[in-house]
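Both of the next two complexes hold chain A, though its partner changes from chain B to chain C.
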Partner chain A sequence: MTPSIGSLPPKYRVTVDHDRCMLCGRCVENCAYGAFRMENDRILTNSRVCTACHRCVAFCPRDAIDVSERPLDYRSHPVWTRGVREAIYNQARTGKIVLSGMGNALDYPMIFDRLVLDACQVTNPSIDPLREPMELRTYLGKKPQRLDLKRREDGEVDLLTELAPNLCLETPIMIGHMSYGAISLNAQLSMARGVTEAGTFMGTGEGGLPEPLHPYQGHMIVQVASGRFGVDIDYLERGAAIEIKIGQGAKPGIGGHLPGEKVNGAISKTRMIPIGSDAISPAPHHDIYSIEDLAQLVRSLKEATEWKKPVFVKIAAVHNVAAIAAGIARSSADAVVIDGFRGGTGAAPRVFRDHVGIPVEAAVAAVDAKLRNQGIRNEVSVIASGGIRESTDVAKIIALGADAVYIGTGALVALGCRVCGNCYRGLCPWGIATQRQDLVDRIDPEVGGRQVANLIHGWTLELMDLMGAAGINSIESLRGNRDRLRGYMIDQALMDVLDVKSVGA
Partner chain B sequence: MEELVIDAAGVHYTPLNREIRAAVAAGVKRIRLENVLGQRFIANGVRGDVAIEVHGVPGGDLGMFMSGPRIEVFGNAEHAPGNTMDAGEIVVHGSAGDAVGHSMRGGRIFVEGAIGYRGGIHMKQYEGKRPVLVIGEYARAFLGEYMAGGTVLILARHGGPAVAERGLGSGIHGGEIVLRGGVDPVYLGAGASEVALTDEDWERVLHLVREYARHFGVDPAPFERRDEYIRIVPASARPFASKYAWE
Partner chain C sequence: MCGIIGVIDRGRETMDGTAIRRALSMMNERGSGEGAGYVAYGCYPEFKDYFALHVFFDNIHETKPRVDELLHEWGRVVHDEEIPTWDLPRLRKVHTPWRYFFKPDTRLMPRSITPAEEIVTEIVMRINTSVEGALVFSSGRNLGVFKAAGWPEEVADFYRIEDYEGHCWLAHNRYPTNTPGWWGGAHPFNLLDWSVVHNGEITSYGTNRRYIESFGYRCTMFTDTEVVAYLVDLLVRRHALPEELAVTALAPPFWDEIDAMADGRRRLHQALRLTYGSAMMNGPFAIVVANQDSMVAFTDRSKLRPLVGAENGDRLYVSSEEAAIRAMDPGITRVFMPRAGEPIIGRVVA
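Our next item is the complex of A and B:
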C-alpha cells in the first residue's frame, strides 16, 4: 500500500556558497547524517537528512555553509501548526506513539522570565564579591532540628547530636542524571572532570558506572531506577550519594527503554544485561506501590551502605508535587529532586514531553512552602531540575526555595550540543548522544571537562555578583528569600503559589 | 569455625545487621538468628561466604543487594526477599509475600510454599549470572512481568494451578517461566507465549526440582514427569518495539 500523503516539506535547507567553498571536505567528514558529498570538485547537499546540528557550520573554515529553517513552510495557521500536522501524517502512516527528543517544545510562558531579581540602592550597601567573601558552599542532606552540646572541663565543646551525612558542594550547581548509553562515555567523562574540578557532583543515570568513571566516583551520584540496571552493592558503595528515580520531568508517569540496538558490548557490561537486549525500565518501581514502600527502599539502600550515604528521591513535577514531597521528606530520604516539565531527555513520547507535568518554578515554590508549613523543611534538601538555562535561573529557583540545581541540557550545550533534538538517532555529530566510536572520539574529555568546569565557574561568578548586588553574602540568605523576587506580568493565582509580590509592590 | 548465635528479640534491624557484618568480617561462617520478628533488610548488601539461619519471620527486603551469603529461613518471609540480589541463596521453609526476587540478577531463591503478587518481576541475566526462583505451591498475579532473564519454576504441589491470575509474564523479553500443570492461556500477559520443553530445558528443570526436594526433604518423584510442565517465554525480545514511531 503506497501512502497517499506524499513527502513532507524539508525541515531545513543546506546551501553551500561555492564562491567561498575551498573544497576542504570538512563538511562531508563531519556530517554523520550524510547531508554532504563531493562530486566533480563540488560540494553537493541533501537537505532532507539535515538536523540543523550545525556541525558543518562550526567546522567550515570559510563560513561557506548556510542552514535555513523551514525553507518551505506549510500555509500558516495558528491552530494547525506544523508540529500538529506532521504528527498526524506520522500517525496516519504508522498508527503508533510518536517519540521525540530533548525537552518540552511547546510555547508555554517561561515563569523564570517573568520574575526579576532585586539589587541594593542607597539604603543598604551592595557587596563587592572581589573584596568580600561570598559563601556559596551548599550542604545537601538532613539538618538536625536542634543541636545538643556538652562543654568539657577544658572548655572545649562536644557535639552530642549525631549528624546525617551531607554532600558538600562548592557551588549549588550540579549536573543531573544522563546515563551511559543515552550519552557517550567521553561526554560523561567530560562532565565528571568538570564537576570534580568545580567541587560539585553529577548523576550517573540508570546506566551503571563504567570503569573509566571510577576515578571520579567521589563526585558521582549513582541512580537506582525501576529497571535496576547496573545496580549492585559495589555500585552503591562507589557513589557519593544514591538517587532513587521515581519520575522524570520530560515524561512523568512512564518508564523508559534503551532499544536493544544501542546495547553494545560496553553498555551491556555496565547495565549488566545481554548485548542487544532491550533495557526496559517499567513505569513504576515494582517494589514501590505506596509511600511506605518508598520509605522501605530508601532505608534498604541506607542499610545496605551502612547509613553512610545520603539518599535522594527524584520525582517529576506534577499537580500534587508538594504533598508527594512531604511524604518523601518523611521517608528517611535526604533530598528530593523536583524535575520540571521542561526537563530534557534522549527520547520521550511527544505528548508526554509537551503536555504532562508542571514548571519547576511553581513546583519548587509549592514544595518549599509545604515543607515549611509542616515543620520538616530541614528533613530534606530540595534540588530543582528541568529547564535551568543560566545563572539567573539558579538564583531565582533558590530564592523560590531550592537548595541546589541539576543542569542537563546546559552541560551538553557546553560540550557543543546545538539542541537539534535528534538524540535518539544515535548519530550525534558532536559525540554526545552516540556510541559510534569515531563520533565519540570527537570529544576530548580533557577539553570537554575544561568547558564544563568553565560553565559552572562562569555561572558561579555571576551568582556571586547577583547576590552581592542584592546585599547577600551567603547562599543560605538567598534560599527561599522571595522578597528578592518580583513578578512581572504574572497572574495573581500564580503569584500566590510562588509567594512573590508584583513589580512595584 | 563455630556458629555465632544472635538473639534478635527486640533488636532493631540496624544493630542486628551491624552485628552480622562484624561477624562476617571476622570470618564467622555460620550465623544463627533466633527470635526474628519482622526485622527488615536482614543481610542487605552483605558479601562473602557465610550461612545465615533465620528463625522466626524476617521483614521485607531480606537479602536485598546481597552478594554471596546463603540464608535459610525457618518461617515465612515478607515483602521482596532477594530484591535486586546479586549472588547467593535464600531458602524459605514457608511462604513469602509480594515481589519475591524483584529485579534479581543472580543467585537462587527456593520457597517451600506459595508467594504473593509480582514474583520474579524484572529478573535479569548477564553472562554467567542466571537467577533462579523456585516455588513449591503457587504464585499470585503478575508473575515474571518484564522478565529479562533467569528461570522461575513453580511446582504446584498444593494440587491446584501454579498460576490462575492475570498478567503472567507481561512484557517478558528474556528468561523463562516453567509451570507444572500448565496454565489457562487466558492468564498469559502481553508478549508472553507458551512452548513445550526441549530436552535441554527439561534437564535444567529436573535439576532444580531435585534441588528443591533436597532443600525441603520431600520426594522428588511425583514432580519428575516431563509432560506435566510447560514453559512461558518471550514472544519477542522487543516487546515494546511496535508501539513507537520516531518524530
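Our next item is the complex of A and C:
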C-alpha cells in the first residue's frame, strides 16, 4: 500500500558554499547520517537526513557549510502547529507511539527565568569570594534532628549521636544518571573524570558499571531501576551511594527502553542481558507497589551494603510530589531526587515528554515546604534535576529548598552535544549517544573530562559570586532562603506555591 | 548600624538603669532616634515566680479584653497594671504598655517537660499573630523589656529606667531601615527568659525563619532579630545544647578549620554543622543574648560588626564601642576584642 501522505518538508537544509569549499572531505567523514557525499570533485548534500547536529559545521575548516532550519514550513497556524501535524502524519503511517529525544519541547513559561536573585547594598556588605572564605561544601544524607552530648569531667563535650553516612560534595552540582548504553563509555569516562576532579558525583544510570569506570567508583552513584540491569552485590558495593529510580521527569509513570541495536557485547555484559536483546525496564518496580514496599527495598539495599552507603530515591515531579517525598523521608532513604518535567532523555514518547509532570521549581518548593511543615526536613536531602541550565538555576533552586542538583543535558553539551534530539537513533556524531566505536572514539576522555570539570568549576565560581553578592558565605544559608528570591510576572497562585514575594515587595 | 551594650554582674549585685542610659546615649552616632530599648534581669523580685508579660496595646478598650480572656483561659494573673510612663515632647504614648504577672496552669500542657514555658510561648505566638492591636514584647520571669521609638535617653526617661534594678542589662540604640518608628521593631527582642540585642542584618533570615517555624515558632515582628531569640530558645532550652555550642551552631567555624581539628572535636563540629545548618546565621552581625544567669555575645564568622568586651571585678561588659563601656564604668580593668565567631560568655556564680 502506497502511503497517500507523500513526503513531508525537510526539517533542515544543508548548503555548501562551493567557492569556499576546499574539498577536504571532513563533512563526509564526520556526518554519521550521510548528509554529504563527494562526487566529481564536488560536495553534494542530502538535507533530508540532516539533524542539525552541527558536526559538519564545527569541523569545516572553511566555514563553507550552512544549515538552515525549516527552509519550507507549513502554512502557519496557531493551533495546527508543525509538531502536531507531523505527529499525525507519522501515526497515520505507523499506528505507533511517537518517540522523541531530549527534554520537554513545548513552550511552557520557564519559572527560573521569572525569578530574580538578591544582592547587598549598604546595609550589609557583599562578600568578595576572592578575599573571603566562601563555602559550598554540601553533605547529602540523613541528618539528626538534634544531638546527644555528654560533658566530660575536663569540660570537653563528647558526641554520643552516631551520624548516618553522608556524601560530601565540594560543590552542590552533580551529574545525573545517564546509562552506559544510552550514552557511550567515553562520554561516561569524561564525566567520571570531571566529577572526580571537581569533588562531586555522577550517576551510573541503569546500565551497570563497566570496568573502565571502576577507578572512579568513589564518585559514582549506582542506580537500581525497575529492570535491575547490571545490579549485583559487586555493583552495589562499588558505588559511593545507591539510587533507586522510581520515575524520570521526561517520562513519569513509564519505564525505559534501550533498543536491541545498542546492546553490543560490552553492554550486554554490564547489563547482564543477551546481545541484541531490547532492554526494557518496566513502568513500576515489580516489587514496589506501595510506599512500604519502597521502604523495604531501601532497607534491603542498606542491609546488603552494611548500612555504609546513602540510598537515594528518585521520583518524577508529579502533582502529588510533596506527599510522596514525605513518604520517602519516613523510610530509611537518605535523599529524594525530584526530577522535573524538563528533564532530558535518550528516548521518550512525545506525549509524555511534553505533557506529563510539573516543573522542578514548583516541585522542590512544594517538597521543601511539606517536609518542613512535618518537621522531617533533616530526614532527607533534596536533589533537584530536570532543566538546570546554568549556575543561576542552581542558586535559585537551592534558594527554593534543594540541597544539590543533578545536571544532565548541560554536561552533554559540555562534551559537544548540540541538543539535536536524535539520541535514540544511536548515531550521535559527537560520540555521546552512540555505541558505534568510530563515533565513540571521537571523544577523548581526557579532553572531555577537562571540559566537564571546567563547566562545573565555572558554575561553582559563579555560584560563589552570586552568594557573595547576597552577603552569604555558606551554602547552608542559601538553602530554602526564599526571601532572597523575587518573582517577576508570576501569577499569585504560583507565587504562593513558591512562597516568594513579587519584585518590589 | 546600631549600637549595643550589655552588662552582667556575676555576683548578682544589682545596678539601676542610670549608667546604661548614659552608655547607650554615648553611641547616638550609631542610631537615628527612631528606636531604643533596655532589658533588666531581676527587676521584679516581688513577682519573681511569675511570668512578666509586657504588652503594647493600641487600644485598651478593644484589644485588652481579648488578651485578658486568653490569659485567664491558660492560667492566673496575680497582678496587672499599666507600665508607668512619662510623656516627653518628642515621645508620646503611641501604645499603652501594660504588664501582667502570670502563672500558667501547667495541667493544660501535660505532654511537655517544660509546660509553663510551652504555654507562655503559645500565648505569645497566638497574641502576636492573631490579636490585632496587641503585641507581647517581653515574657520572662523577673525581667522586663522597656522600649519605644526615640533616642536612648528619651526612651529611658519615658519609662524612668533609673527606677529599675537589675543584675544584668542589655540595651540597644537603633538605626532602622526596615520598620522605622514602630515600637515593636525596637530591640531588645525577648521570648521567655531570652533577650536579644543585635547590630547588623541576617542574610540567612529566610532559611532561619523556615527552620524555626517548623518547630512551631512564629516570626511576627517583621525583623530578623526575633529569630535569634527563638533559635537560642530552641537550641539551649529544647535541645539542651550548652551555650557555647549553641553559639557554635549559630556561627560555626569554617570547614577548613573543622578539617584541621583533632578527631573528636572534628566529629562534634561536623555534627553541629550538619544538624544545625539551617540555624546557622549569615551576614554581618554582633549579637548579645542574655538570660537570668548568663550573657553571651558573639559576631558573625567574619566579624563584620564590632564587638568589644571589658571587665571590672564581677562585672562583665560587652558593647559595640569601648567608649560606651567607659561611660558606664570608668574603672574597667581589662578590655578585649573577641575573634570572629568566638563568644564572650558571662555567667552568674552567686
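The definition used in the following text is that the second predicted complex is superposed on the first by the 500 of 505 C-alpha atoms of A that agree within 3 Å, B and C clash if a C-alpha of one lies under 4 Å from a C-alpha of the other, contacts with A are read in each partner's own complex, and residues count from 1 in each chain.
Definition applied: a contact is a pair of C-beta atoms (placed from the backbone, for glycine too) under 8 Å apart; a residue touches a chain by one contact, two chains touch by 3 or more.
If you're wondering where the values come from, they're calculated on a predicted model, not measured in any experiment.
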First, second, both or neither for A:Tyr424, with chain B first and chain C second: first
First (chain B), second (chain C), both or neither touched by A:Arg151: second
Which superposed partner A:Ile490 touches (first chain B, second chain C, both, neither): neither
List of chain C residues in touch with chain A within their complex: 177, 200-201, 203-207, 209-211, 213-215, 239-242, 245, 254-256, 264, 267-268, 270-275, 277-278, 280-284, 301-302, 304
Footprint of chain B on chain A - complex, ascending: 86-87, 90-91, 93-94, 96-101, 226-228, 231-234, 236, 257, 259-260, 268, 272-274, 276-278, 280, 282, 286-287, 293, 296-297, 299-300, 303-307, 349-350, 424-425
Residues on chain B engaged by chain A in the complex (per definition of touch): 13-14, 17-18, 21, 40-41, 44-45, 47, 60-61, 64-67, 79-80, 83-84, 86, 99, 102-103, 105, 118, 121-122, 124-126, 129, 145-146, 148-149, 171, 173-174, 237-247
Touching residues (chain side chain A, partner chain C) in the complex: 120, 123-125, 127, 132-133, 135, 137, 139, 143-147, 149, 151, 156-159, 161, 163, 166, 368, 372-373, 375, 377-378, 399, 470-474, 476-484
